[in-house]
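You will see two complexes here that share subunit A, one where it goes with subunit B and one where it goes with subunit C.
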Partner chain A sequence: MSAASLYAADVVALARKDLRLELRARDTLPAMLLFVVSTLVVFHFALPAGTGADAAFGLLWIAIVFTALLGLARAWAPEREGGALDGLVLAPCDRSAIWLGKTLAVLIFLMTAELVAVPAFALFFAPIDLVAVAGVVLASVGICAVGSLLAAMAAASRGREVILPLLFLPLAIPLVVGGVGAGISPEGAAYLSFLGLYDLVFAILAWATFEYVVTE
Partner chain B sequence: MSSRNSLPLFAGTTAVLLGLAVVVALLVAPEDANQGVSQRIFYFHVPIALTAYLCFGLGAWKALRLLWVGGERRDVESYTWIHQGTIFGTLTLITGSIWAKASWGVWWSWGSNQLVLFLVLFLFYCAYFMLRFSIDEGARRGRICAVYALFGVALIPASFFAIRLASDFIHPTVFSREGPQMTGTMFGSFLVCWAAITLLAYVMYRTEVVGKRIDASLRELREVLS
Partner chain C sequence: MTIAAADELDPAILGAGLEKRYGRKRVLRGVSFAVPRGGFLVVTGANGAGKTTLLRLVVGLAAPTHGVLQVAGERGDLGFVGHEPLVYGELTALENLDLFGRLYRVPDRRERSGMLLERFGLWEARSRRVSAYSRGMVQRLALCRALLHDPAVLVLDEPFTALDEDGAGVLDSELAALAGERTIMLSTHDPSRVAALATDRLILA
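Our next item is the complex of A and B:
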């Protein structure tokens, strides 16, 4: 097998491990689904009547970001509880594969939550077009790429749950701008390309630096 | 040895230059036709902002070197640059806020992209300190902080563009601060102030690094003695 296909096999195996764990334990995904729907309902009461679709769109993004945080906070919990991260770091695979596998798994969780959140948003608040959906997808990639690295950092610190949102939110601001812009601006394409660029830059950065975060 | 001896020289030069900068900014530079005396804060606000960027950049550079070649020394240096950057970033927010009050009548304006960018960076680097102080000391802490510092320099252009894009839908009217072209005296005054502030940052950085090294040596000494 070539190096690239070996790498891909490592990534798939790691992501599949996370998905299988989730299927058996159901620790994260049901919580994310319930959270995102509850948040949307709370927003209905937080918004004054007749506020309009634009304001509601901003709230969809708050719901998505905090739902992602909920998933990310638990992203490295299985490894930490089982003491498995040391084993993974010692395994004869490229360490960035650990990051990519985790990013894929978290992305699948988040996309599943959005599969519920976006139709629910369309039902409760305002219709959503294709550009807005593309914005959701692109921003999710960025959220998971950056978030899974930051979650690994937070897992190494003492105040894990508290510190992750602090690390993550400043980095999520450009994603929120891109996502909201794709939803409500007439020039949605510019925002989509911005999101794509952000994903590319930060995915490369996270891919290149993950090794330093997990090695002792 | 020579590097330790040069610090008082730098500090003295900085003190003189800062005094000169105050004189130049308040007395020598011509008064702005549109904004009057309040425009003079420009001579401090903009150099402080540029210095903050410089500190963040140097902090990330030291972080990159740390990941690249290692060395505990670089961890302290990267941390200290970022510490200085945060101090100057906070000063940028304060001076910018005063300038906004003087020229637009409000303490805070989301229309000022530079100020919003500094707010984002301020939050980001505050989180850096939270992260740093919640990890046990050691090589791993240095590397994790270095990675976060690198994300910071990537965040600066990303936020810059994001804020530019966001002002389209959040704040449709764009403030235009383009007054008359800067005259030679104005530009000269600006350069003096810029040099003074940059040198100030450097002296503060050197002082803090020396302090941290003394702390570390003292701790080692205590461990040896006990």
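Our next item is the complex of A and C:
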């Protein structure tokens, strides 16, 4: 087996482990689904009639970012309980595979929530086109890539509930700008390019630095 | 910490002037020791003397503030049992060993997992979630995980904790079989239990 195949197999095994844990414990995805749907419902009834699509897109992104934060806050909980992260860190596999497996798992949870949120948004507020959907997908990749790294950093600290939002929300602002821009701007493609570049840069940074986050 | 190639280093584990601080608190001060290949070092000391910290330094989960620490071999050559079991509570014993066996590149990991689970009396409970295990069963599983890849260096932090007489007996036999062939570093409050196997003793004050 080549090194790349081994790496890919490790990533898949680690992501599959997270999906299996979630299927059993059901303590992350149901909360994310409930949060995103209830947020959109509350916005639907709270906003005055005639609110423009531009403002509505901003609300969709508030819902997505805080739903992601909910998932990220729980992302490393299974590794924290029982010290399983130490077991992973001691294994001879590439440590970035641990980050990539976690990022994939969180991305699947977030996109599942978005599969519900985007149609609900279209139903309550405004139609959503393919460029806007692409914006949601690209921004989600960035959210999960950066968020998984920051969540691992926060998980190692005592004030993790405070530290994660403090670290994550400022870095999520460009993603919200890109996501909203892709949804409402006539130059949506430019915003998609920006999101793609953000994903690439921050995924590389997170991939390269994860080892230093989980070791002293 | 330096991890040297296996044939470069004569003592399998070498620590010189090790110091570890967490902020202003000094946990270890001036600890020096050497464990030859096939040696069995017993680490003792009162609660809070730094036994766990020292073993975490040796396996690379923490870095010394000062001093030199060299461990022969690569990361995958170490087997570690700590205070926590280092397994997932919502996975079964088999699923845990399968995951770690894959990450540790264990050939025939399913056969090896089955053999260890049987040896440590967990075969009947192999498909139960670890969260439903007793503390002693979790400790047995932690030992299975540490031995899964047949490591050249075993680092065991109070491994007899929570084990009943049967479990402790199995661990005694395992240690007796591995002593001399593997390098072992073990912390305990009951050094008499491994006195016959130990080649050296480090007392932390």
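As a convention for this text, the second predicted complex is superposed on the first by the 214 of 216 C-alpha atoms of A that agree within 3 Å, B and C clash if a C-alpha of one lies under 4 Å from a C-alpha of the other, contacts with A are read in each partner's own complex, and residues count from 1 in each chain.
Rule of thumb we're sticking to: a contact is a pair of C-beta atoms (placed from the backbone, for glycine too) under 8 Å apart; a residue touches a chain by one contact, two chains touch by 3 or more.
Note that the structure is predicted; figures quoted are calculated from it, not measured.
Undergrad: Taking the superposition as given, does A:Gly181 touch the first partner, subunit B, the second, subunit C, both, or neither?
TA: It touches subunit B, and subunit C stays clear.
Undergrad: When the two structures are overlaid on chain A, which partner does A:Ser157 contact: first (subunit B), second (subunit C), both, or neither?
TA: first
Undergrad: Is A:Ala55 in contact with subunit B, with subunit C, with both, or with neither (first, second, both, neither)?
TA: A:Ala55: touches no partner chain.
Undergrad: Please work out whether A:Arg20 is in contact with subunit B alone, subunit C alone, both, or neither, and reply first, second, both or neither.
TA: After superposition on chain A, A:Arg20 lies in contact with subunit C alone.
Undergrad: Looking at A:Met111 after the superposition, I want to know if it touches subunit B, subunit C, both of them or none. Which is it: first, second, both, neither?
TA: It touches nothing on subunit B or subunit C.
Undergrad: Touching A:Glu216, do we find subunit B (first), subunit C (second), both, or neither?
TA: both
Undergrad: Residues of subunit A touched by subunit B versus by subunit C: which partner has the larger set?
TA: Between subunit B and subunit C, B touches the greater number of residues in subunit A.
Undergrad: Figure out whether A:Phe202 sits in contact with subunit B (first) or subunit C (second), or with both, or with neither.
TA: Only subunit B; A:Phe202 stays clear of subunit C.
Undergrad: A:Pro170 in the overlay: touching subunit B, subunit C, both, or neither? Say first, second, both or neither.
TA: Once the two structures are laid over each other on A, A:Pro170 reaches subunit B alone.
Undergrad: Is there a shared patch on subunit A that both subunit B and subunit C touch, and which residues make it up?
TA: Dual-contact residues (subunit A): 215-216.
Undergrad: In the complex formed with subunit A, which residues of subunit B make contact?
TA: 67, 120-121, 123-124, 126-127, 130-131, 134-136, 139-140, 143-144, 146-148, 150-151, 154-155, 158-159, 161-163, 165-166, 168-169
Undergrad: Please name which positions on subunit A make contact with subunit B in the complex.
TA: Within the complex, subunit A touches subunit B at residues 146, 149, 153-154, 156-159, 163, 166-167, 169-171, 173-174, 177-178, 180-181, 184-185, 187, 190-191, 194, 198, 201-202, 205, 209, 212-213, 215-216.
Undergrad: Quick one: which bits of subunit A touch subunit C in the complex? Just the residue numbers, please.
TA: 6, 9-10, 13-14, 17, 20-21, 24-25, 78, 81-84, 86-93, 215-216
Undergrad: Mind pulling up the subunit C residues that touch subunit A in the complex?
TA: Its residues touching subunit A are 59-63, 74-76, 78, 80, 82-91, 95, 99-100, 102-105, 129-130, 145.
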